[in-house]
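In the two complexes that follow, chain A is the common piece, with chain B as its partner first and chain C second.
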Partner chain A sequence: MNKSLSLWSGSLLLAAILVFSVSAIARAVAAGGLQHTTIFASLGQADQSVPAGLYVNECGSCHMAYPAQLLAPAGWALIMRGLQDHFGENAELDSASQDDILQYLLQMSGQQQGLYRKLGNPPQDPAIRVSEWPAFKQTHAEIPARLVTNNDKVKSFSQCNACHQDAEKGWFDEDHVRIPGATGWDS
Partner chain B sequence: MNSRITGIAIFTLSMISASAQADAISELEAVYRTQGVSQFSASSGEALWKNDFVDSKSAETRNCGSCHGADLARAGKHNTTGKTIEPMARSVNPERYSDTRKIEKWFLRNCKWTLGRECSAQEKGDVLAYLKSL
Partner chain C sequence: MSIQTETPQTVKVWDPLVRVFHWSLVVTFFLAFITEDDWMNLHIQAGYAVALLIAFRLVWGVIGTRYARFSQFVKAPSAVFKYLGQMLTLKVPHHLGHNPAAAAMIVSLIVSIIMVSFTGMVIIAAQGQGPLAGTLFAGFNPEWMEEIHEFFANFTLLLVILHVAGVIVSSLLEGENLVKSMINGRKKYHSEGVDK
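Our next item is the complex of A and B:
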């Protein structure tokens, strides 16, 4: 009797543990916690999947998870230390997440062939608004406002991924551009 | 014998934790009670939700609907980025209310942005009471 009771409670415990594990994995997948690894794997940083996941979940839940290579390490440090006023929004995080994300961004930004190096001299130092850089303005000068700021599906030049389909992967070449709502736009 | 009792105890605790996890609002209400709140009022929550606040820096008028929209059963739109914000009404979007950490994170950010300060335990409990009634 004792033995069967023990076996019964043991099985229930095992079942409970199983349910928890499965639901935890399901939640992680639903939150995009696994899917991002492929994005960063394409840049050859698959081993960074855990902090990348935190970055994509926390920052990417409001806007595109900008590739770390877009800014120099000093720019990321400035952004991550000023989350209380993040371009006019409050984007505060608990300090542990903030530190982990900053470490990830510093590491990635320092390692990669940074896009920021190709953008020439930034208008301020450290630069945090890529859309204000001369090289950015030059390459986007021919695009009329009706397609960006006056376009409900784009709204701002900071929404790279509205037009650059593979922006999160760090690909910004013209072949991957599709401006939403732009009929007959020859890009 | 001892190990069997331990097993049953762990199982019971797991089940309690599972039900709490399934309802993050109840879990938060318990926390707010320890902070001195005795009752939660959906109507006070609704009043706070719909109240206008003037931002001291930009002088613009802000309220929860600035981003969440007027109909909480439908998606809202972020007033700067245009990002779609999933519905707030618990009846149509229960997933929103499954993670206490996430709820507190957004209360911190959005109370500071909208009201210019953090919300009290009473205010958070009232707003949750309102949102879960929808």
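Our next item is the complex of A and C:
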């Protein structure tokens, strides 16, 4: 290769890489890069709307009202159509409430650029059990059973908010985790 | 290559692109290392920067200036061990470019950083992000990938420490500040040098 041609192409390549990288890093910093932003970032403020209240009252009376953005619309449809056998329990509601809640969940699910896509759960054929989601398995693989399923204060991996205190607001950051009953230097 | 006339004689060895690459890699690698999984957006961007810089170096190692080329400095393992043995006797043949041990370090760093970059992109591919999303790599077990990613990230840090130690030892053996050479690109000219 011609000497000056290679010098020019090398310089252009490196300059392009540096411009791209510096601007990408600057954008990441500007977009809150200096705050903790894990893949499981905040889903935003708690919703004060009427259907949100219905969802939290009806569903949240038995378990945590999971942030709708965690599951693809198809998953919510699957759950809301199968309430008569909801993980072994009958959780049926009157059909008007059921419709309103499903509408709310479908609408919310699409927000935040479809955060559910980041959890590795196929949007067309989603698993509705939280503990089957790839991202869930990946991040909880090192948690021993004695801290969860054998822990009376947690009982199940589906009880996000037992350890993730702000889970209902969509905050799953690992620094906000406190496993109840866990003994250790930081518990 | 023109030789300056003032004493001590120094010559241009590391071209500007090699030096800009080197220090950019230092900054972006450490940015990625310290942000790890707590500042994921920033970590991913810093990681892309590292990967792109390595890609540049691979190209520049083929089409670049004389002492930037892999063919100029990469030597067989036997030559590396011979040179390391000579280091123990404190008498090493002078190399104007990279010595054989330094060359082995460069190759190790590049391979290790490629492993970190690749596994990093595989991990986020499983979550539908990054350039490998939607490829067969998205189906790799992200837990395993994360273990490999962390291993090579830490291994790269170990290599960096050994690299700095090697630079200090070589600087003492050669009587020349080699960190300064990576800043201004110049090294002392030795008429008995093996690769002048």
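Side notes on the structure shown:
In this text, the second predicted complex is superposed on the first by the 129 of 187 C-alpha atoms of A that agree within 3 Å, B and C clash if a C-alpha of one lies under 4 Å from a C-alpha of the other, contacts with A are read in each partner's own complex, and residues count from 1 in each chain.
Going forward, a contact is a pair of C-beta atoms (placed from the backbone, for glycine too) under 8 Å apart; a residue touches a chain by one contact, two chains touch by 3 or more.
All values reported here derive from a predicted model rather than from experimental measurement.
Put chain B and chain C next to each other and count what each touches on chain A; the higher total goes to C. Of the two partner chains placed around the shared chain by superposition, chain B is the only one that A:Q159 touches, whereas chain C remains out of contact. In the superposed model, A:A77 makes contact with neither chain B nor chain C.
Once the two complexes are overlaid on the shared chain, A:L106 sits clear of chain B and of chain C alike.
Of the two partner chains, chain C is the only one that A:K137 touches; chain B does not reach it.
The intersection of chain A residues touching chain B with those touching chain C, taken from the two complexes, comprises 6, 9-10, 13, 17, 20, 27.
Taken together, the chain B residues at the contact with chain A in this complex read 1, 3-4, 7-8, 10-11, 14-15, 18, 58, 78, 80-83, 95, 98, 105, 108-110, 112-113. Partner chain C is touched in their complex by these residues of chain A: 1, 6-7, 9-11, 13-14, 17-18, 20-21, 24-25, 27-29, 31-39, 41, 117-120, 134-135, 137-138, 141, 174-175. Per the touch definition, chain A reaches chain B in the complex via residues 2, 5-6, 9-10, 12-13, 16-17, 19-20, 27, 30, 62-63, 84, 87-94, 152-153, 155-156, 159.
Residues of chain C that touch chain A in their complex: 17, 20-21, 24, 28, 31, 37-42, 44-46, 48-49, 52-53, 55-56, 59-60, 63-65, 124, 126-129, 142-143, 146.
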